[in-house]
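The next block holds one structure in the form of structure tokens; read it before the comments.
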Amino acid sequence: MDSTIAVLAVLDGLSYAALVFLVSVGLSLIFGVLRVVNVAHGSLYAYGAYAAATISLAVTPISPWLTFPALLIASVLVGVVIGGLIERFLLRPVYGREEVLQLLITFAVFMIMDNLQRLIWGVQPIFAAEPLRLLPNITVLGVAYTSYQVLLLPLLAALTLVGLRYFLRYTLSGAVILAVTEDREAATAIGIDARRVFLVTFMIGASLAALGGALASPTTSLVPGMGTDMIVLSFAVAATAGLGQIEGAAVTALMIGLARAFAIYIQPEFEVLVPYLIMVIVLLVRPMGLFGVSHVRKI
Amino acid sequence: MSRVLISARGLKIRFGGVIAADGIDLDVLEGENLAIIGPNGAGKTTFLNMATGYLRPQAGTVSFLGQDITALPPRVITKLGIARAFQIPQLFLDRTVIENIMIASAAQTGQLSGLRSLLDLPERAEMEDLLDLVGVKAFAHRTAFELPEGQRKLVDIALALALKPQVLLMDEPTSGVASSEKLGLMDILTTALTKRKVSSVFVEHDMDMVERYATRVAVWSSGKIQMIGTPQDVLNDADVRAQVIGI
Amino acid sequence: MVKQLSLPRMAIAVAVIAAIILPMLMPSWATLITLILAKGIVVLGIIILLQAGQVSFGHAMFFGIGAYAVAFWGKYVGPGDLLLFLVIGPVLSTIFGLAIGLFMVRYREIFFGMLNLAFSMVLWSLLEKMYHYTNGADGIRVPRPTLAGIAFTPETFQYVMVYLTLALVLITSFAVQRYLDSPLGHMLRAIKSNETRLEYLGVSARKVLLIGYVISAFLGGLGGVLVAVTQQIATPEFAYWTKSGEFVFIAILGGTTSAFGAFAGAAVFEFVRFLAAAKLANAWQLILGIVLIVIIMYAPGGLIGLLKRKQPLGEKP
């Protein structure tokens, strides 16, 4: 195989993996702490993208550079406000019920958000590529890449990974979150408000998804189906890594991103197949995921 | 000389730092009611788990009528003829008592039909008699969930008996049963076991029960069998009295 | 099966009568009713697995297999007969169900759900991208088949489909009911209740679950054939995760303890979609999403649960 193609595929895979990582790590975090599969995660991604595009288009006439903070503001708005509303009013009432019902609530939220998205932003593609255009291009092996895609995105993803790791391991709030994940009852017994932890965690996870969407918005045209495809893809990454695994999600996102990019160059029909095929193979061999810990059966 | 049903040799298992079995050698003989006594944590339930395939020992073997069953799963061991009743009754709580026992019956006969109604199977009358025997026939149409602990234990034992085993392993059969009813239960149980030619092994903390109903007693201590003999010999032994009974 | 009170029984009778009479009164509803009944058949399969406490998030795969079996026949072999389709679709989905099920039954809970999802997405991506064979996202047209050699006009065929599907619904519902009352059916529910105990009765939980899984795969394929023939098309979306979600949604909506729930749920789902598309500017997802949330929070037994006066004692929600 041509080394040129290999390098190009790696660059493609890298930027794609960065976005997928942001969404899947949020999903994984939410599952790890709340034990809920958040089907609405894809919608949060889509809303992050649409909100970012809307704000970007509004601020571009004022100053194009405002589109960068716009991306961040959009993610935080979507993640904190919508994420908070979802957790507080739709998930909290059903904690303690069967897990599939909690999942179905998020599925219902997905349906509602998907519909609202079409009503608010319509079905025509939206383009808001300003942040992309502001940054210079890079030429690699004769192919022009935007530094936004091959430098900024992976950099932000790496920063997020480091930031999350630091937050969870070295801050008090992070320790509280880990405590609740490890043993909910014990944590509550020592005075930790588990409900608050759930709310904050959900907001963080939702913001990460929205951030993924916001960062993705300059790179692609925004269309109605984007959330629907992203949720199942990010779930595939999270499940393959092992639900709840943060660093594992990064490695897996990279692996799947690269595999998909290579597939596009070698055999394009398999592009979409690759993540799910990997998921099947991994789950058959290691159902707890590549980095997951297997549960000990209690007598 | 009675046949040896279950034979354990050199069973060893440890969980982290806890040695739950440290070289267990034991023969369960046909026709006996073997009581297993000992302090909590001595490894009694662990032994039952190893004998029924729920746990794999780290060393040693278990055999049944000469066949090595050490590595076999509970499902297979049950089919060979060893049935188990649990310390905390293991029932299908959302099903009625009669449904519970009919499931056991269908499992025993092996007639796993997908079309005949469970409650119309020919074994129904026999199973109702079994429920009557252990004294829960009045509850036949209540869900197991509604039953108090004592009744649940009886149903658990009935389920094991429905399997028509050769050996019945019971983990604290009278715990949870009201004191006034313990004697009655054990009377019925031992009569039923003798009549059906079922040998039994039972873990028990109540020494009165042990004295009355056991034909042999094995004393567990820190993963080893400290002593084994007739109830008279064992229960009067000074060491046993000090460590196990607490006198 | 829970002993049925007279109110649900009456509801079933009314529903069957409605299904027979409505198409005659309002011909345009014949297709809608057929779709409701066909989807209900797939949901029966979901309900079977729910009895064992397992949720499949990939059952659209069997639905898609049934649909594409019919579509491929049309594309590569030639005109077909409905009786033939009713055999090859379910047979194919059953074979896949057995093959996949052999692996699947080792898993429980979320792993079961995830693995089913993964398999279904593999199928979907193949259907979506292998343009040469599958026509991609546009799908493959399914021309109207004959029935036992007789060709029907479009108008008459609607009636053929709705009454044929109704007959199949009655047969499958009856069979599933019998199955769930049988020893195997009770053992299936024992998996949810106390799998360890089941193993300690000498029963292989895997074998019992596999039987349930294969039956549900059969039903999925059957539904797929009926929908593909009714809508005259098979698209990759038949195997997409949202379709799997729809089936689970309908199961919970209708109530998971009786076969009738599958059809009641499908009826509500499709009616809302149909009405909302016609009148409410395509807000059907919004409405159904809210309905699902309301049902989960306030009526956990689904629509059927609402019909019953009270839950029988000791029954788990």
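A, B and C label the chains in the order they appear, each numbered from 1.
The definition used in the following text is that a contact is a pair of C-beta atoms (placed from the backbone, for glycine too) under 8 Å apart; a residue touches a chain by one contact, two chains touch by 3 or more.
This one's a predicted model, so the numbers in the text were calculated from it and none came from an experiment.
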item: Chain at the geometric heart of the assembly (C-alpha centres); value: C
item: Chain at maximum distance from chain B, centres defined as averaged CA atoms; value: A
item: Distance between the centres, which are taken as Cα means, of chain C and chain B, whole angstrom; value: 44
item: Where chain A and chain C are represented by their mean Cα positions, the distance between them in whole Å; value: 32
item: Averaged-CA centre spacing for the pair chain B and chain A, given as whole angstrom; value: 52
item: Residues of chain B engaged with two or more neighbouring chains; value: none
item: Residues of chain A engaged with two or more neighbouring chains; value: none
item: Sites on chain B touched by chain C in the complex; value: 52, 73-76, 78-79, 83-84, 90-95, 99, 102-104, 106-108, 111-118, 121, 142-146, 159, 163
item: Residue ranges of chain A touching chain C (in the complex, touch as defined); value: 37, 39, 90, 93-94, 97-101, 104-105, 107-112, 114-116, 118-119, 228, 232, 235-236, 239, 243, 268-273, 276-277, 279-280, 283-284, 287-288
item: Touching residues (chain side chain C, partner chain A) in the complex; value: 55, 103, 107, 109-111, 113-115, 117-119, 121-122, 124-126, 128-131, 241-242, 245, 248-249, 252, 281-286, 288-290, 292-293, 296-297, 300, 317
item: Chain C residues touching chain B - in the complex, by the definition given at the top; value: 178-179, 181-187, 189-190, 193-194, 196-204, 208, 211, 313-316
